[in-house]
Amino acid sequence: MFQAPQIDYLAILPLIIVFGGGLIGCLLEGFLRREQRVSTQLWLSVATLVAALVALVWVARDNMGITAAGSVTIDGPTLMIQGLILSLSIIGLLAMSERLGGSTPDAFTQAGVSVPGSFEEREAVRLGGTTTEVYPLTLLAVGGMMLFPAANDLLLMFIALEILSLPLYVLSGLARRRRLLSQEASLKYFLLGAFSSAFFLFGAVLLYGYAGSMRLDVIADAIGTETGMDGLLIPGMLLLATGLLFKVGAVPFHNWTPDVYQGAPTPVTGFMAACTKVAAFGAMLRLFYVGLEAARLDWQPVLAVVAAASMIVGAVLTIVQTDLKRILAYSSIAHAGFILTGLVALEQVGASSTMFYLAAYGFMTIPAFALIALVRSAGSEATHISQWSGLGRRAPWLAAAFSFLLLAFAGIPLTSGFTGKFAVFAAAVANDYAWLAVIGVLASAVTAYIYFKVIVTFYFGDTSNDTVVVTPSALTTFAVVTGVLVTLGLGIVPAPVLDLAASAAQFLR
Amino acid sequence: MDYHPYLPLLFFFALGLLFAGGSMGAGAVIGQKSYNRAKSEAYECGIQPTPQAAEGGRIPIKFYLTAMLFIIFDVEVLFLYPFAVAFDQVGLFSLLAMLLFLFVVSVPFVYEWSRGGLEWD
Amino acid sequence: MTDVPWLTILLAVPALGALALVLMPRGFAKAREFALGVSLVTLVLAVVAALQFSVGGGELQLVEEYSWIPQFGVTFALGIDGIALSMILLSVILVPICLIAAWDDVPADGTRRLQGYVAWMLLLEAMMIGVFAATDVFLFYVFFEAMLVPVYFLIGQYGGPDRARAATKFLLYSLLGGLIMLVAVIGLYTVGPGGTDGFLLSNLTGLEIGGVTEKLLFLGFFIAFAIKAPMFPVHTWLPHAATEARPATAVLLVGVLDKVGTFGMLRFCLQMFPEASQWATPVVIVLAVTSIIYGALLAIGQTDMMRLIAFTSISHFGFIVLGIFAMTTVSQTGSTLYMVNHGFTTAALFLIAGMLIARRGSRTIADYGGWQRVTPLIVGTLLISGLSALALPGLNAFVSEFLVIVGTFQRYPAAAIIGATGVILAALYILLWWQKIATGPKPEEIARTTRDMTTREKFVVAPLIAAFLFLGFYPKPVIDLLEPAVTTTLQHVGVTDPAPAVSAEGSEG
Amino acid sequence: MDLSAYIYLSTVLFTIGALVVLLRRNTIIVFMGVELMLNACNLSLITFARMHGNLDGQVYALFVMVVAAAEVVVGLAIIMSIYRARRSASVDDANLLKL
Amino acid sequence: VTELAAYSPTALAAVPVPLSDLPVADFSDTPWWLSLIKAVGIFVYLLLSVLVVIWFERRLIGRMQQRPGPNRFGPIGILQTLADGLKLIMKEDVTPTNADKVMFVLAPLMVGSLAFVSFGIIPMGGEVSMFGHTTPLQLTDTPVATLLVLAVAGVAAYGFVLAGWSSGSTYPLLGGLRSTAQVISYEIAMGLSLVAVFLYAGSMSTSQIVAAQDRWWFAFPLFFSFVVYVITMVGETNRLPFDLAEGEGELGGGFHTEYSSMKFGMFFLGEYINMFTVAGLATTLFLGGYHAPWPIGAINDGMFSEGWWGILWFTLKMWSFIFFYVWLRGSLPRVRYDQFMKLGWKVLIPLSLVWVVAVILMRAADPSIGYFGSGRWPVI
């Protein structure tokens, strides 16, 4: 007989709010007049995210548990990751809404359906159109991201993966400038993303065959007992890992990262670089720590090798880049490796260090991309390093903020980047993965080279180019200042957040 | 021997195939043959066919939109069927869940409608 | 003991001064005066703090401890022994001198350039104080790495024509060393007692680590310090950096910053890894001697006077390291005294050479000649500084060099003898250099337009010469300050001085 | 009947799908490769459901269909937009982004 | 941490899977050869029906338009269709040079052969005795029989689009596209209208659905669904007034412009068989299937609904739909394509959705289910 699942609506209130906000956004999109859309959508989205954050802190925190027929777990790591995603997406969203003097968000195309260079496009520009669908799309993606680490069921995880990915595929194809590039990025992201999620799904299917359920706790129980289909465990696990590693852009599934990061609208790049990583690592934590913990001897070495490869490849390829977005893309690959280093450490410290690193990384990535969006040459974004030459003199604050973020990327002490690296390396060393930490520091040194090369260009390079820095509105300013302050704060007084991460790193099994 | 429900359908399909194939084959064999180049050209109401026909022509975007919308609704129906069949057993919870689901699916429909996605001109 | 957190105050004053400078409106005209004021206040405070210090105790004094990042076992722990106090005093004395010397380096052009310049200097001062005062390994590391940033900008933004490359080279060398050290720092924590103050130096000394682990940890630290010091063969960044930097920056870089390397060897390598230190001693001694001779020989061959001074420093650092690793009370006292002396000497050499360069506009030695009659005062003081550098009896360096050689001779006579030849070579490079500058026909053209030492410059040189004389004739107070600390260090290593008549056999650890 | 044959079949289908994605150049065909992979998963799911004697697998398959459908919709939209801008559906023609 | 979910992890696992797809009607006494014989029987029944219906349609329209219609071959022209078929076979089979040869042949084959399959699940009568075995007058039945119809229809739609595409010519392509768009547009509304039936019958098995209409034909309580189904069934089969895919005014002959001889014949045949299938389905779902209509059905405890009688009632009901088809063709002009799509998307689908919700609520309020309490719901 069918038994209705009990759902603790308070525990998943943040999720409900975000998805509800997304739906309302969709409806508003249909009924609002064009000129009302931008402001209404912006405020609706921000209000939704803030409300969700408030709900998370006030309500969901007191209602932890496994709910919805065992498919959703609201526990410390979930709440931590969800809170992180919400906070990051607020500033991400603000950066996305940057208007730069116009009446419409500057980063997004006038009309997604119009062919670049066509009459329709010019007409849409004349009418002041903009793709305000990005707001509901972002909200839905955020909802998927929040569901991803909460999923205690591989199927739900797969669905969450798709919920978060599908809007991102679309978002990355909506750049206002260089639209062909953007559409191409979208296509690549989509094809490879769909490909990898198929791998994830097949892995989930094999584990279902192995354990008789996709529930992580059932799988965890099944490991170590004879299920009669034991041959399915390891392939299943590897396929799942493939899907997740793709999402975080770890080597050898990193190829999409630079292209997509470069082609997508810059604020979207920041948003997805930060939030997708947070969500995907959150899901990875749950999968490996809760579901597959008992089989760790099988996956730990694999992930360790992936981590090492990500750090090395990411670092080495960063050096040869000349485009800032690509630099950050390759560095995100290296960062994925760093975070994986924390993840393979296992134990509570692994989880907490991973979460801390995610927080640190998220808060430096979004403002970095927001700043990139401000530097223009002939109307379009100037992302080549040479175009940033001498910016330190023309835009001291921008250069200072960006340099500071680069220092954080490089992991210089007194920035969050250092604290994060220290946390993950300490976790790795404490769990007999000292060699990973060694590779990690070497990779950091290598990436530091390119970051400082960029800084050199800002401050010491010649200024003979036509690059201009547009004055940002309060939205971007807020996003950047928040990011920089958090980066600084996590570098100088990381104790509260570390405490939070440590106390949150208790998985409900 | 156990009765297999799909076996008769296979018979039926085979008969259909035999009949269709047979009559088409018969048509091909019996029918008269007088070749003529003009006859085998694409039909253009008597005018000279333009060189790019099938792939070169643009398909109106409406068809794609319709296809996409169809997929969404097809999925909706996919969920409605088992729900409808098991309606007596699934309880109030599922009832409300289904209503929520229907609402959620309607939202993009409303969106597309209001933005002119359903207009055929 | 007093309740006043002297060291924190010392640290905070310049740091806040730097912050204030950054926040001032653009083109703040009195930036130099403000910075000088701050540095003088710091100096006064340091003197007051020094008066609280009871000479003769080998233990840490003025100790402060605040919990900082308990999750990592990090405390904000400051405390000084004689060595640290002497280094801090050296720093706070040199900074105002450098500020005066650098008065005209950057024009007050209404931009933020000048503000930035002096702010970086003040920030550097804060970091220097911090690095010497830190008694928590993590905290030390933080300052050690964070210090790179101000220096990087001081060189890269305000240096000579090839500044960008020099700055990057400096930074990458230091960063690489630092990151290797980071792994060792983490590893150290895991072998230590752990807990919320597991990084406290007092918790980490006297550990019986042993075996390969200790050797690896030692190497991690030593490589970082060797790069910093700089020792042959990882010295190559120094000439480049010192040449491209402004003289004032070079003073802080070579005179104080590089001392962090030798200071670290004394405080961390020897105290925490006594066994490994003794294991490594032969190699280090060889490297130190090589540095002495190699630095001296290259100094002789230089045509660029900044490079020349840089190489003399390499030679001198050889002496310091030699003294440290000879591990006798005399040699180590000599080394620590040498650290102070070298600071003043190098400062004088760089600054006075800088005055020449400012007048002639060239660093090439051959461009000068007969300048004794152009700028007698400058050339004269240069001679005094040079004599100090070649350890003329009666001037400061003599005492320390003598102590080092004598102390070393007790245990490693061969090394002492070879090292002593460095003194002869020193005479060669200094005197030849001075001769090329001072003697020869008077360049009339230049003489007409060139002024001798200005009042400001006199204020720069006078304290330095005074320090030479004071430390040359009456080094006792400083030695009294240093000796107890040295004794404590040696106790930690477990080495006693070889009895003069008995064959060298001191190791009892 | 030996149900493992279905598992082998679905593995083969999955592999074919993956190879299609990797080897073919036409985006639509690549896309169909992905769909083939998803459907291979469905086949496995249903087989496993039968093997384990529970309904979970069938329910999962329904959800996978939904996801596949959503993916088709988004994918088609993206491919359409790029096709309209370039008049080509080849992956190789999308080459503005290079390492 | 509060433990919330009092949920047993094996709740779903406890639901047993039926290990063989036992049909709802009792086929346990049907050996495979009997199935084959029934298959041949139904096949012949369908072919004969097609022969008759084409003549019937032309005669009827002739009457409606005040002209005789075909009257040359056989008595009152009843052999006209046979003659047409023979003529088609004699015609030249042209394959255009632009065509994709394989698909060009495959498409009519698909349409022609798949059209039959759906009819296999339609119950034409109750249990009868044949060759010493007791068997239902239905080829086969499965728990998802109705779904099978939709599935086969879905595959058959490929036949049209492939025919259009493989012809390598503009009009067929457009026709194929149109027909596909048309089929899928109306399939949703059709699918939604079926939901109501399933809700009431509690099954997708056709025999079960017929059994559930013992008291009421679903056409009455689910009248709206019935109306929607009838409209969409016309749209699905591309019949006037919805035969836009072959609108000769705009598209020559639509997707089959390039087809000739028996290949064209297959499309022709497919269209009529599909008509019978959807009409048969309508009978089954809404008009009580093979059950005798009301006053007769009540005689002697449903005596006339049993055994071979079923075929009679079924055929009558099915043919009433066929009459309706012809009647439509005789009286209505072809709609414009935009009107057609507008009707489908903006009228039928939203209304169906609302209707489905209403039926769900009505059903939930039914005291026998009692989701809203067991008391009688004020409405109905």
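Quick notes
Just so it is clear, A, B, C, D and E label the chains in written order, and each chain counts residues from 1 on its own.
Criterion: a residue touches a chain if its C-beta (ideal position, glycine included) is under 8 Å from a C-beta of that chain, and two chains touch if they have at least 3 such contacts.
Quick caveat, the model's predicted, so the values are computed rather than measured.
Chain A has its Cα centroid nearest to the centroid of all protein Cα atoms in the structure.
Inter-chain contacts peak for the pair B-E, counting C-beta pairs in contact. With centres defined by CA atoms alone, the chain at the far end from chain C is E. Centres computed as Cα averages put chain C at a distance of 93 Å from chain E. Centroids built from CA atoms put chain D at 19 Å from chain B.
Centre-to-centre separation between chain A and chain E, using Cα means, comes to 50 Å. In terms of their C-alpha centroids, the spacing between chain D and chain E amounts to 31 Å. Among the residues of chain B, those touching two or more other chains are numbered 61, 67, 74, 86, 91-92, 113. Of all residues in chain E, those that touch two or more other chains are 13, 15. Interface of chain E with chain B (complex): residues 20-23, 27-28, 30-32, 35-36, 38-40, 42-43, 47, 88-98, 105, 108-109, 112-117, 119-121, 139-142, 147-148, 165, 167-173, 177, 180-181, 184-185, 187-188, 191-192, 194-196, 198-199, 202-204, 252, 257-258, 261-263, 265-266, 269, 337-338, 341-342, 345-346, 349-350, 353, 356-357, 360, 363-364, 369, 371-372. Every residue of chain B that touches chain D in the complex is listed here, in rising order: 61, 64, 67-68, 71-72, 74-75, 78-79, 82. Across the interface of their complex, chain D is touched by residues 112-113, 115-116, 155, 158-159, 162, 166, 169-170, 173, 179-181, 183-188, 190-191, 194-195, 197-199, 201-202, 205-206, 208-209, 212-214, 258-259, 262-263 of chain A. Within the complex formed with chain A, the chain B residues making contact are 61, 86, 89-94, 104, 107-108, 110-115.
By the touch criterion stated above, chain A contacts chain B in their complex at residues 1-2, 4-5, 23, 26-27, 29-31, 113.
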